[in-house]
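Dumping the structure here so I can ask a few things about it.
Chain naming follows the written order as A, B and C, and within any one chain the residues start at number 1.
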Amino acid sequence: MSQIILDSVGKTFKVAERPPGLFGAMRGAFVRKHREVKALDDISFRINAGELVGYIGPNGAGKSTTVKIMSGILVPDRGQCEIMGRIPWRQRVAHVAQIGVVFGQRSQLWWDVPVIDSFELLRDIYRVKEQAYSKRLAELIDVLDIASLLNTPVRQLSLGQRMRCELAAALIHNPGILFLDEPTIGLDAVSKLALRSFLKDMNTRHGVTMILTTHDMADIETLCQRVMVIGRGRLLFDGHLDTLKRQYTPERRIRAKLAGHCGIDSLPGADSIEIKDNEVIVYFNPERVPAQEVIASLAAACPLLDLVVETPNVDEMIARMYRELSL
Amino acid sequence: MNDFMLYTRYLRINFLAGLQYKGWPMQILMVLFIVVTDPLGVVLLFSRFGSIGEWSVERTMLVYGIALTAFGLAELFSRGYDAFPWQIRTGAFDRMLLRPRSTIVQVLGMRFHLHRLSRVAGGSCIIWWSLARQGVSLGLLGLVQLLFALVGGYLVYTGVFIASSAVAFWTIEALNWVYIFTNGSYQVTKCPPQLLPGWLRNSFTFFMPMFVFSYYPAAAICGWGEVPVGLGWLALPAGAAFIAVAFALWRVGVRFYASTGS
Amino acid sequence: MSSLRASWGILRMQLVSKVQYRAAAWAGMTTNAFWGFVHVIIILTFYRFGQQSNAGTSAGMSMVQAVSYVWLVQVLITLLSGTILDNEIREKIRSGDVGLELCRPLDLYAHWFARTAATRLGPFLLNVVPITAVAMLLPEPYRLQPPASLAALLSSMVAVMMGLLLCCASVGMAYVLLMRVQWGEGPMSIFTVLIDILSGAYLPLQLWPGWAQRFLMLQPFAGIYDLPLRLYVGTLAPSTVWQVLLIQAGWLVVLVAVGWLAMRRALTHMVIQGG
């Protein structure tokens, strides 16, 4: 039985259009045009308890609309959504007691008071029993290393410190599902690593189901086995990250340093070749021509000093995928 | 923990947050200054022109003081709804929907500033002063009537805040309107109600029952004999009816929000 | 110069956004009109039913003049109110970004002065015709009368322009107070309300007690609403416009000088504090 079920969910918004400029504004004061925007067209997926799913797509693709529907904030126009056996917007209170949500760009902590005061208020909001609360809090303080921050007002925390406290706040009521909306945005490298390892740990040891939207592909690579790609309100891919990579980055490249002059402008087995100063880059597809052959013909054509075979990184892959799907 | 207790916890955290700002004693003085100077114009008019028939400055100030105090109470304890329209675009309401509690308690608890106490204090002083100057001793019945008037008024003004918050789900463009029913409404009490144009008096009696919780109880308590004494007890039911309508509007607004998002 | 160009941009943007958000503009005007109407009723009540109903006329202001005065305050409120502060400047001060403004090659005081004037002109230009029209079309005795004479109109217009400068200089002082981030907000609000009271926005200064008249006439804020409006309604003859302008200019020089110096002090204070 899946924990999260979405079945042909659709959502359309009406957007008012305002013509630009002073003249346009005057015209807009009398007639106003509306445009229908399909935020979600037909989204279906299932997620089992304990999964950690990456949910990616370009800006405006419908990621946050999906998250809002799953968390009970927004009611879809069509389709079904069932989470832990409940319909989020029908049984809002019971539903949200079981989930946690972290927005990277917004805080759920009270800005002007020490962190611990926010935690205590959240305890009261979620009706967490005192004993369970102190046990849980001690655990989170330990894992997130926030003991020294508890008495500091939130506005004085750095972004990295604040995000750790946000995570604790979202988990204080021990939710079974955690929605993370760009949790690593703006964080420095150290904070990102710490956050990822925490999420991984929460997922594997405590079995918290997580859905992670992000633009940072390193988040996806280190955390998620399963990836869902959304574009223009449709689910374009749902599967293993490796499958996605094979599908969109079949191509490899050889980057080699030259020992001397090399005057070729094509190479047998290679898709293309670029020569710049004393460096040559060769693109090829290993599923058609094995690396061995390409390297051999390159070595035969040019004097080589050093050589690496690279996979385009995930960012490039995603950019290419968005381009190919013309998103 | 029940909703009321939770509300007090919200007040507590906002109170603590307010203390973090070092200028808070100055803020208290600021609101007190605004409260004290607001009736300055009409007091100066009384001193230049004298009373208007039966209506002395004390009498006018009693009606004004009740309306002002009720408004102050709403600002103090329902400030969250007052500020809500300007929060909605920031996604604040999303966060409330994500918490397993009544959204009403959460909005009510969103804001609380101690310096809003100044208006209640200032208004109470005005009431006390005008009763003393008129030589009215309250008695238990009068005190109860006065309290009912203030609670009824508190409900009405909170209702205005709630209704404007509900409208904010659709649009926040035209929300300046609401000033007519908040800070604007008690300006009307600076004039004897009988001398107001009929439509204005009726709007603030039947649509937004401001005179029902200010003028009627004041007349009943002091025995001015201008309106039936029984009307002095209408403040609480009128307030309850008004806030009920506001809540109904709020519910519709929440449903609309859930179908459109922010 | 760049301050002026920036101000022109601000003014244009204000016009566009105000026209675009037509509902907000209408709501603002309705509120203004309501406020004006209520004040007119209050002042009328005293003139008609007060025990000493000739107390106004004996102070040199007739009922008709008082009613016009009250309406004109509403017409001019977006231009001359002391309590309207620019949100962008507020936010800059609150966040400590004023420090960054110092890197720009312009005088911060002049820049804010021009900005304040520009942000007031936009709403005013859009409001002035509808509100004036509504106020003039009302039945007697509620209506706003035309100016006492053409000379009265012209002299009051010149004085209103000076009033705007005086108002910007006064609001500049409020910003300086706000720059004391630790505690400035309360005193700043008190100061702006004081500007409104003493400039005659609450009650024409002529209707204040007789013993205070000399002081009221000569304090810095009378030149914002009260003196220009006296010229319009005719309680001051158009020929006295030179005296009015002299009072306004004198206070303008004083307020600008004090504001400019105080801003410099506040800025160094902020820099030392680390913003």
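The working rule: contacts are C-beta pairs under 8 Å (C-beta built on N, C-alpha and C of every residue); 3 or more make two chains touch, one makes a residue touch a chain.
All figures in this text were calculated on a predicted structure; none of them were measured in a lab.
K.L.:
Which two chains have the most C-beta pairs in contact?
P.N.:
Top-ranked chain pair by contacting C-beta pairs: B-C.
K.L.:
Using only Cα atoms to place each chain's centre, name the chain farthest from chain C.
P.N.:
Using the mean of the C-alpha atoms as each chain's centre, the farthest one from chain C is A.
K.L.:
Could you state the distance in Å from the CA-based centre of chain B to that of chain C?
P.N.:
28
K.L.:
Taking the mean of the C-alpha atoms as each chain's centre, how many Å separate chain A from chain B?
P.N.:
Averaging C-alpha atoms per chain gives centres 46 Å apart.
K.L.:
Using mean CA coordinates as chain centres, what's the gap between chain A and chain C in Å?
P.N.:
Whole-Å distance between the two chain centres: 52.
K.L.:
Contact residues on chain B for chain C in the complex?
P.N.:
Against chain C, the touching part of chain B is residues 22-23, 25-30, 33-34, 37, 40-42, 44-53, 171, 173-177, 179-180, 184, 187-188, 190-192, 195-197, 200.
K.L.:
Provide the residue numbers of chain A that touch chain B in the complex, in ascending order.
P.N.:
Spelled out, the residues of chain A in touch with chain B are 13-14, 65, 68, 71-75, 89, 92-94, 96-97, 99, 101, 103, 106, 108, 110-113, 117-118, 121, 124-127, 153.
K.L.:
In the complex formed with chain A, which residues of chain B make contact?
P.N.:
Residues of chain B touching chain A: 1, 5-6, 9-10, 13-14, 16-18, 20-21, 90-91, 94-95, 97-101, 258-261.
K.L.:
Tell me, which parts of chain C touch chain B in their complex?
P.N.:
Interface residues on chain C, with respect to chain B: 21, 23-24, 26-28, 30-31, 34-35, 38-39, 41-43, 45-47, 49-53, 55-56, 59, 182-187, 189-190, 193, 197, 202-203, 207-209.
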